[in-house]
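Input: structures, listed below.
Each of the two complexes below includes subunit A, the first together with subunit B, the second together with subunit C.
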Partner chain A sequence: MDLFYLSVATEIVLVAGAVLVLMVDVFKAPSAKVHASIAGATLVTAVGLTIWQWDRVVDVGPSSGFAGMVQLDRPAVIVKFILVGVAAMGLAAAWEMMVSLGPRLAEGLSLVFVATAGFMMMGSGANLIMIFLALEIGSIALYVLAGIARESSTADEAALKYFLLGAFASAIFVYGIALVFASTGRLDVYEIGAFLGANIVLKPAVLLIGISLIIVGLAFKVTAAPFHSWAPDVYQGAPAGIVGFMAAAAKVGGFAAMVRILNVAFARYEFAWSGGLGALAAFSVVLGTLFAIQQSDFRRLLAYSGVAHAGFILTGVAAGVDGLPGVWFYLATYVAMLIGSFTIAALMGSPTGSGLSISAFAGFGKRSPVLAGSLAVFMFGMSGLPLTSGFVGKFSVFTQAWIAGFEWLVVVGLLASVAGFFFYLKLIVTMYFEAPVLAEAPGTATLKPEPSFVVKVVLAFAVLVTLVLGAFPSLLLDFVADALPF
Partner chain B sequence: MVELILFVVLSTVVIGGALSMILGRNPVYAAMGMLATLFGLAVIYVIQLAHFVAVVQVIVYAGAVMTLFLFVIMFIGVDKAQSLDEGLAWQRPAVLGVVAAILAMVGGLVLSGRWEWITADRVALSGQVIEIPVPPNGTIESIGESLINRWLLPFEATAVLLIIASVGAIVLAFYRPRRLQSVGDDAE
Partner chain C sequence: MDFPILTVLILLPAAAAVIVMLLPEERQELHLPVGVALSLAPVALGGLLFYQFERGTSEFQFVERASWIPQLGIGWILGVDGISVLLIVLTTILVPIALAASTSITDRSRLFIAMTLLLEAGLIGVFVALDLFLFFVFFEVILVPMAFIIGIWGSENRVYAAVKFFIYTASGSALMLAGIIALAFIHRSQFGVLSFAYSDMLALDLSLTTQRWLFGAFALAFAIKVPIFPLHTWLPDAHVQAPTAGSVLLAGVLLKMGTYGFLRFNLPLFSQATVDFVPVMAVLAVVGIIYGAAVAIVQHDLKRLVAYSSVSHLGFIVLGIFALTEQGLQGGVVQMVNHGLTTGALFLLVGMLYDRRHTKEISEFGGLANTMPIFAGVFLFMAFASIGLPGLNGFVGEFLILIGSYSTLPVYAILAASGVILAAIYLLWAYERVFTGPVTKDENRAVRDLGAREIAILAPLVALIILLGVYPKIALDVIEPSTQAVLDRVEATSDFEVPAVGRVAELARSGE
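And now, the complex of A and B:
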């Protein structure tokens, strides 16, 4: 029994920060500034510990902790880096909304921290029970965050939908774990891999059903079609400020767990799951793109484009171990663009409000050129235009998928990317070339939003990530090159 | 021999409790009958060396769940005359159908010579003698040991899960929309 605290240090700090915020709130009822400083200190400590973990992994190599429950290796630390960034950007973007919640600020903060810790655990968990608990910790926090603004009935609806469908997906995931346990007698991801590597399962039906149920459960979390149906309603109804965090964190955690489980535990069965993932990817890409084209609401558009992006990332996952650097690069850069876009959506509507018509963006380019410019950068990045990080991400997952023999999937993905230009560019055209609609209903959209300083920092960071990593992708690609879960 | 005597006595308690629960007219008596069943089962678990399950049985089922049942019964009122009309007309036929289906399945297994599927007789299953594995040690000590050693991190993660669930419940339930509050004030 090894109490290897460094392997879960970031999670411990985040949970401690969440508890501290709650305790301070009970005994002192402090101002928002005190909460902000606690949150800032927690995040800075978390970043420091993650750098320490990276050093240790580079020096010593991968190591496991807590009787094999968690694995501290490059993918785990990269997921922690991405998620700390997601939490920091999401909190900064949502800060105005959180403060407007009044006494619920402390609970909101602790929910964000615990959700981040949960999804980090999904990235480092090396035991199916551990991964399931981590998934539930993260998901339950997100269900509550979706409904934290009880003032709006759409938020209530979003939270309830998210909860019911999410609970169903979790049940499917557990069922998959149970079937895998039934056929291998093991729960440790690495032990399952060793067992399946050394033994031949003569009647693998139970095992294969278990694998596919695990994939289905995780595909729900990453909004891959056809398990995406909750996403548009939740992204549209949940409080605008926090949606970016919710969408990004769940995607990162879901893909991290999927990558480790499939490539470590079921490496022997790659011939079986890679085809299934390929089909899932193709379906997500096509369906996400086609539905996104029809949307008239900006947040639904982002939700369906998220489905398409989940498909692109799945293309890399289907390529097996070689596709992983591309997957990490894609995830890291996509979440930056996603949070950036939702931040602007939150600025355009009321902070706790829901829904944002695309027509509200008419004339946005003239009214607030800086905001419109950064939104245009995110849209170009998501569409995969060269010189943006989105292009590099798509290029690397497509290359590896092609090498792995998924030529048809690459063709489908390329066609969908081209079709995707339509709705990303439509928004840019609306912003710059359409006259503003003057008779806007009051309260639906702020015509000329004034972002606060932290929001400006978040947007500047997201724009920088998109452009700099697009021009010099090796900065991040070298970093994730060896991030394989072994 | 001791085991047999204990088993007969306890089975009587368990079955008697179950019968009195179904047949009792007074809901409180029915609840007490169920309590007897649960306690009897707990002692049977102890005989099987499953101390932990026995304790959980007493604390969770006999303690918490039965208290909840009694609360509900008291809350609704014991004195209320019970209507014996069956709300669902097809309930009895449906139950009979299910019972018949289960009996038919068991009968089919026996007739097809697969009785061992039901009794899980390992010798009969494979046709040769397999050494029966050591039964799992269900004492509190061994469960506690594995909970705090191998499963320490999931154990702690469950604590986090419970914290976040209660925080979420407070956030969602405690803050009522102002609109509803003002309506309530007006009514007063």
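And now, the complex of A and C:
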């Protein structure tokens, strides 16, 4: 049996980093600086290995490891790239919050690494059980992260809610796996694909229910409506610094697994699932947009806008294999804007606090022009304004959905995008057009936050991703063009 | 292709915006002069473009082609023809004027100037883009600076107006995007490759049903922008709330993106649908002409009056375009430029009055001709230009439109002609109430007349209005081949035949 360690090298490094952080913490109780350098070294090594993996995939083509349990191919490596970026940005943005946790800093760090490794594995897992394990590794780490600021009751509430609903979703997912196994007798996605391609399932109901349950389980993770109900509470309640990472990582992992399972194992049944995904997409964009319009809390707004974005990405997934480049582009650029937005939310509120009223942004454009400008870029990007990466992402998934015969979905998506301007503009209006809040009332948002250097770097990076990939999308589109899970 | 003049024209204002933002914030006295000075560079380049533009051909000129997003068949394709070259020149001229008139803006002046310059870059982009995707990008991107200009530096109700402006126009363009995507895929199904290039779109073979749908998708976006009645409700709000520079550029250039869009896309690409939709568009145009003028008559607010007069004037342009005759199209294009000059000037004048008296209520004024004679003279001049007094530019455009539409849409042309009379009523009546008679209010006694700076701002507009009034050939020579080509294209791809009198050449021959 060829183990082919390179296929999981990034995950290994991340887990090793997690363990190292914990060990060092036990034996030496070091300063935050030591932890920072271990975290930095881990991430840099992870990036290096991911580049090596990419190199190999480009040269040799896809290959499998661990007896077919994992697949090393372009989508897997792209997911690793995105997630390493998400982890790095998320950690940098959350650093102050993490340091303020004192002795729990090491826990937090290792949880972030473990979660990242888990979601990466969702992208490379080629066996349904493997994908389930990866999902659990990532999710459980996130449940704990949500509650890492134990002092705050809202964080506890968020963590508990996240855990209960997440566990429920995992159960649905694993039940779906069981039904698929019952009707095909296989767990390896490539074997399932081959089996279904060569045989006709006489009683497809069990299989189709299994596929639906798998989709539902993953829809929970990516916050697609109507399986999104946990997201607003968790996004609002969990510690501000780390929410961006949590939201982004779970979405990337969920979509990565969905793309591989559907296009490889159930390619034969695309006629069945693409319609379902289309409906899910339409429901998500409409519901996410309508609810986002009514929010007065910035973090809840981001949660509902995230539901809408899940719908847009699903539009691309529904389009089948051709939609995938658009999906990767969308995911990669959306998570940058998402983390960027949450980073600013964290700066505005107290780092471990919860909730952030939109009205706190009144006059932000005047008080902190640079931060407000960055947030404006993220908002315009998420709303899909041309010359931002958000527009290119939407455009790519829409064009592919149109080819795939989802014209109605494209029109729904376009109308929802316009309606989306309402709430993204609400923030712009509050920041720039409204008079600033003059006095700093106790317990409310920080009026003029002073970002640290790393936070500035994170924001600058997110702004650059949004604008540069908006103006020159070819840079990334070339990279994701052939990222198909075969 | 030696010098990429069009790309430079887009990048120059954008670069100027960056330079302005880099000025030290506390040196406020520098911001506006530097901004105005920088905005003069595009004027020079625009002049060069106009000078080098080859007359007598309808081909696109100064064409630049570069690949931009090859994966999606999207190119950076730019070029100008006789229709767009004039609008570009108009844009470059109005920006420094609008900026120079913005001395009253002291709050975040750098940002204001930068936004105005970005707006200019976007507007030029709209007029030169020959790739539908690129066109859409510019069409949509200009919403941001414009919404900021209204929302930050506007008057009391600015937030409402800015958001309304943004949402209204963004909703229109969303369906246009669907139309653009559809066109690209039709190209793919007919030619095998995805393309958004304008020249490729002309080669498509579109069924009548497809044409009607696409016409609708594009027309909605443009109709909101123009705005065509009944989609005009965002315009008065936006104009009244916007600062002077915003109003000048909004009326002067932004609205023209709609009429330009009709000419560039709807007529050539969906010609049969255009022919079928002529009755609808003509009715809406005429309703707009009369409704806009009628509502303008009863306004108490001088700026609102000018705003509604825009609805009326733009109705003329739409009527001219959908008359589908050469005179109509030429008149439409000429009138786009004219309206930009005269209405821009009227907004400047209202702004100057507002700077002095901080009100735009007509009833607050009276007898101003006694205290500010030069101002009154310029206002009357602009009013006459707007009404269409022979010898001034408005006459040329409206006359051509009325002639052009009379040969294909006689009833509408007669109805539209009443708009000219209504224009005389609202503008001259407003002049009477504001300027003539004795000074009734004490505040109006000490009002300053125009200063040297203000005269310098208005002088180029006055000169251009007279120039286009007495020698319209300078513009018509440029326009003619392009409008002729549009009309030829409509004739060739639909069952419509332009009546002999609808062709300038034919008309001239029959007169011999």
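Here is the rule we go by: the second predicted complex is superposed on the first by the 482 of 486 C-alpha atoms of A that agree within 3 Å, B and C clash if a C-alpha of one lies under 4 Å from a C-alpha of the other, contacts with A are read in each partner's own complex, and residues count from 1 in each chain.
By definition in this document, a residue touches a chain if its C-beta (ideal position, glycine included) is under 8 Å from a C-beta of that chain, and two chains touch if they have at least 3 such contacts.
Predicted, not measured: the structure shown is a model, and the values here were computed from it.
Novice: For A:Y143, using the defined touch cut-off, is the partner it touches subunit B, subunit C, both, or neither? Pick first, second, both or neither.
Specialist: In the superposition, A:Y143 touches subunit B alone.
Novice: So in the superposed three-chain picture, is A:F433 touching just subunit B, just subunit C, both, or none of them (first/second/both/neither)?
Specialist: Touch partner of A:F433: subunit C, not subunit B.
Novice: Tell me the contact category for A:I82 with respect to subunit B and subunit C: first, second, both or neither.
Specialist: A:I82: touches no partner chain.
Novice: Quick check for you: in the superposed arrangement, does A:L477 touch first (subunit B), second (subunit C), both or neither?
Specialist: Only subunit C; A:L477 stays clear of subunit B.
Novice: Quick one: is A:M97 in contact with subunit B, with subunit C, with both, or with neither? Answer first, second, both or neither.
Specialist: neither
Novice: Now for A:A404: first (subunit B), second (subunit C), both, or neither, which partner does it touch?
Specialist: Touch status of A:A404: no partner.
Novice: A:V264 contacts which: subunit B (first), subunit C (second), both, neither?
Specialist: So A:V264 meets neither subunit B nor subunit C here.
Novice: What residues on subunit B touch subunit A, complex-wise?
Specialist: Counting only subunit B, the residues touching subunit A are 149-154, 157-158, 160-161, 163-165, 167-168, 170-172, 175-178.
Novice: So in the complex, the part of subunit A that touches subunit B is made up of which residues?
Specialist: 1, 8, 15, 18-19, 22, 65-67, 69-70, 103-104, 107-108, 110-111, 114, 117-118, 121, 127, 129-130, 133-134, 136-137, 140-141, 143-144, 147-148, 150-151, 159
Novice: Per the contact definition, I'd like the list of subunit C residues that touch subunit A in the complex.
Specialist: The contact residues of subunit C facing subunit A are 68-72, 108, 133, 136-138, 140-141, 143-144, 147-148, 151-152, 158-159, 162-163, 166-167, 170-171, 174-175, 177-178, 181-182, 184-185, 188, 194.
Novice: Once bound in the complex, which stretches of subunit A touch subunit C?
Specialist: Spelled out, the residues of subunit A in touch with subunit C are 325, 366, 380, 385-387, 391-392, 395-396, 398-399, 402-403, 407, 410-411, 414-415, 417-418, 421-422, 425, 428-429, 432-434, 473-474, 477-478, 481.
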